[in-house]
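The structure under discussion is supplied below as structure tokens; questions concerning it will follow.
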Amino acid sequence: VGAEGPAQATAKPSGSSAAYETLLVTTEDNITTILLNRPTKKNAITVEMYNEIVKALELAGKDDSVITVLTGSGDFYCSGNDLNNFTKIPDGGIEKMAKDSGELLRGFVKAFIDFPKPLIGVINGPAVGVSVTLLGLFDVVYATERATFHTPFSQLGQSPEGCSSYTFPKMMGTAKAGEMLLFNKKLTANEACQRGLVTEVFPDSSFQTEVRTRLKAYAQLPRNSLALSKQLVRAVDKERLHAANNQEVERLMERWLSEECMNAIMSFFQARARL
Amino acid sequence: VGAEGPAQATAKPSGSSAAYETLLVTTEDNITTILLNRPTKKNAITVEMYNEIVKALELAGKDDSVITVLTGSGDFYCSGNDLNNFTKIPDGGIEKMAKDSGELLRGFVKAFIDFPKPLIGVINGPAVGVSVTLLGLFDVVYATERATFHTPFSQLGQSPEGCSSYTFPKMMGTAKAGEMLLFNKKLTANEACQRGLVTEVFPDSSFQTEVRTRLKAYAQLPRNSLALSKQLVRAVDKERLHAANNQEVERLMERWLSEECMNAIMSFFQARARL
Amino acid sequence: VGAEGPAQATAKPSGSSAAYETLLVTTEDNITTILLNRPTKKNAITVEMYNEIVKALELAGKDDSVITVLTGSGDFYCSGNDLNNFTKIPDGGIEKMAKDSGELLRGFVKAFIDFPKPLIGVINGPAVGVSVTLLGLFDVVYATERATFHTPFSQLGQSPEGCSSYTFPKMMGTAKAGEMLLFNKKLTANEACQRGLVTEVFPDSSFQTEVRTRLKAYAQLPRNSLALSKQLVRAVDKERLHAANNQEVERLMERWLSEECMNAIMSFFQARARL
């Protein structure tokens, strides 16, 4: 899906005209699809991929498409932040790394908050970390029954991001948000649907077909009406979302320098090395 | 239901003392019932009906009743805005029509935001458009299993109103709100109940009886306690609801002058003429 | 459960070092448990218990525990405000009583809003009134299937508290919040779970064992990460929660002096005396 290449000739630059290392971006049937394309790494988000997603969203927001879709290549949707990002210490030391990582995350989440068209998540498999928390900023989320939703922040000595400190309690109440954001509860697709994180769950065998049919129908609707309606819904929350993003990033920049977090990440790599 | 006529003699003017063309308003058992009474038109809301509902709510807010009920006559609850409202172009042209329609809608929704007593929706059949979005401003909503809930804004080149850009994401999360408000998903009564739009669903055969029993019990509760509790819950959101109403109306006034919307409404009438 | 006594020697005063009349507070396995301990009175909250809970929360927030648990002794979780609190009229008359009760409640709810660590409710049986409304301020709530959730404010001529005028509509939508907060709907544990008030429901036979297993696992997670994540989630809402608490208390202080409320409380005691 989404790999059939550009289908529309447009005056403005289309998402499909850009070259990406970590993504495959295509536009057809009025739909721009951003495909996370590191399937052998479960689509873990590297620094490069953060920057490429921001760029792809910026172009998709301006191109001729009516709706934008984010999905993953292979069996995983996305395994979240690539922890190797934390192993490349720059000249400025880990303080510089924490600051740079914070600014990268802030801009990444901002691109989702400010995205001006309907944004649809097509969750083709397990989702972890920031790829889960960001779903609170999507307009529709379709998931295969194989998908799971996991935000193991405290396990890694970290704290929530992607505006989930605001969107999750708002969506599912604090008692269910706390279980996910504090205590690392992994949800099935159906549980995520009951909690409002997912719009609808499909059998894996018919997932891509059924979703594609709906997306094509949506992309035939009046484009301005859709974009303006989405912006209207977003406007109500925009200020609070930016505030949540900023607070989350500030907290994470502290966390990344904490002993708890360093120990947790070191344990992660030691456990992996032992395999 | 609600057609048995006035049952209480009160010092203050009661809702039942006013004469309406499009409504039947009665007060008995401490319950004021506002019945949408254009059953042959599926209770579509004309300009006159907008004004009469505002008036009926104003009187119900001041009368001796303890709770106020809104319901529909016949098989439909309400088919939403009567699109014939858009065919009567005033002297000032369509700009004047858009402005007048916007002010009419703004005052109509405001009457629901500011309503000072418990307001209960008795959804006796399908509900469309503004009659659905307004439900986010009700204190309790009972529905027959025959009811459906449909907000086809983008199909008509329009955008959400009735504070739904605020209340729907708050109630059901953005992923489920987006499906309804952007992509015209029609809900069954049970789906609406799962999403928090409806309090409880009843079999059609016993709907009126079961609901009436509950309403009578509610209307025996301490009236000041109920009104003050409702106002307390509303106060938390009131400012944001008025802001949402204003933003929605501004957006719609632009939409009504757009080519997308005009084409969509023209298609609607052409399709109907062909039947 | 929670009655095994202190298990940790700590430099700072631990919750377990204080003596309480109405509570049993213990710390073990990095978990401070506050046990409501008036089982013969269904753990109804007296003035003394309000003050002791505030004190216990203050100490638990500072002790070495990672998470804090609130639960009840015996078959009930908590029957809410002890109505005998209203029968001890001080020298200043009922105006003084209403003012004192309001300040007591304000500080009590404030202690939950400001609590700095993960707070987990273990609902071992029926919950009534303020013990229900406060659950919107917990991070996780586990309930036995025997639990029920009841907020009969209007029956007693009163109005909602515990920030429920804000948290309940946010969590479950106004249509379901109204049924509870205005019309005294008593929920089963499963209904409360569907509405987001409860995280998960367990069979009564395995309730304590299953919950204890989870709590022990949670208490092994990085403590700072947990506390800072909880504070991040709370920060988003803190100002609005304090505002809701203040408005609710103001309204209740008026209510307690109203004829409706006095009559309702008098009826309550007359009914009990007749038994």
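Lettered A, B and C in written order, each chain numbered from 1.
Going forward, contacts are C-beta pairs under 8 Å (C-beta built on N, C-alpha and C of every residue); 3 or more make two chains touch, one makes a residue touch a chain.
None of the values given here were measured: they were computed from a predicted structure.
Engineer: Please classify the inter-chain touch graph. Allowed labels: line, ring, star, complete, other.
Structural biologist: complete
Engineer: Between 0 and 180 degrees, and as a multiple of 5, what angle does the rotation take that fits chain A onto chain B by Cα atoms?
Structural biologist: Fitting chain A to chain B on C-alpha positions yields an angle of 120 degrees.
Engineer: Report same or different for the chain B and chain C interface, where same means the shared residue numbers exceed half of all residue numbers found there.
Structural biologist: Different-residue interface.
Engineer: What's the distance between the Cα centroids of chain B and chain C, rounded to whole Å?
Structural biologist: The separation of the two C-alpha centroids amounts to 36 Å.
Engineer: Mind pulling the residue numbers of chain A that touch at least two other chains?
Structural biologist: Answer for chain A, listing residues that touch two or more other chains: 170, 172.
Engineer: Taking the touch rule as given, give the residues of chain A at its contact with chain C in the complex, in rising order.
Structural biologist: Per the touch definition, chain A meets chain C at residues 153-160, 165-166, 168-170, 172-179, 181-184, 240, 243-244, 247-248, 251, 254-255, 258, 260-261, 264.
Engineer: Hey, which residues of chain A end up touching chain B in the complex?
Structural biologist: Going by the criterion above, the answer is residues 118, 121, 135-141, 167, 170-172, 195-200, 214, 218, 221-226, 228-230, 232-233, 235-237.
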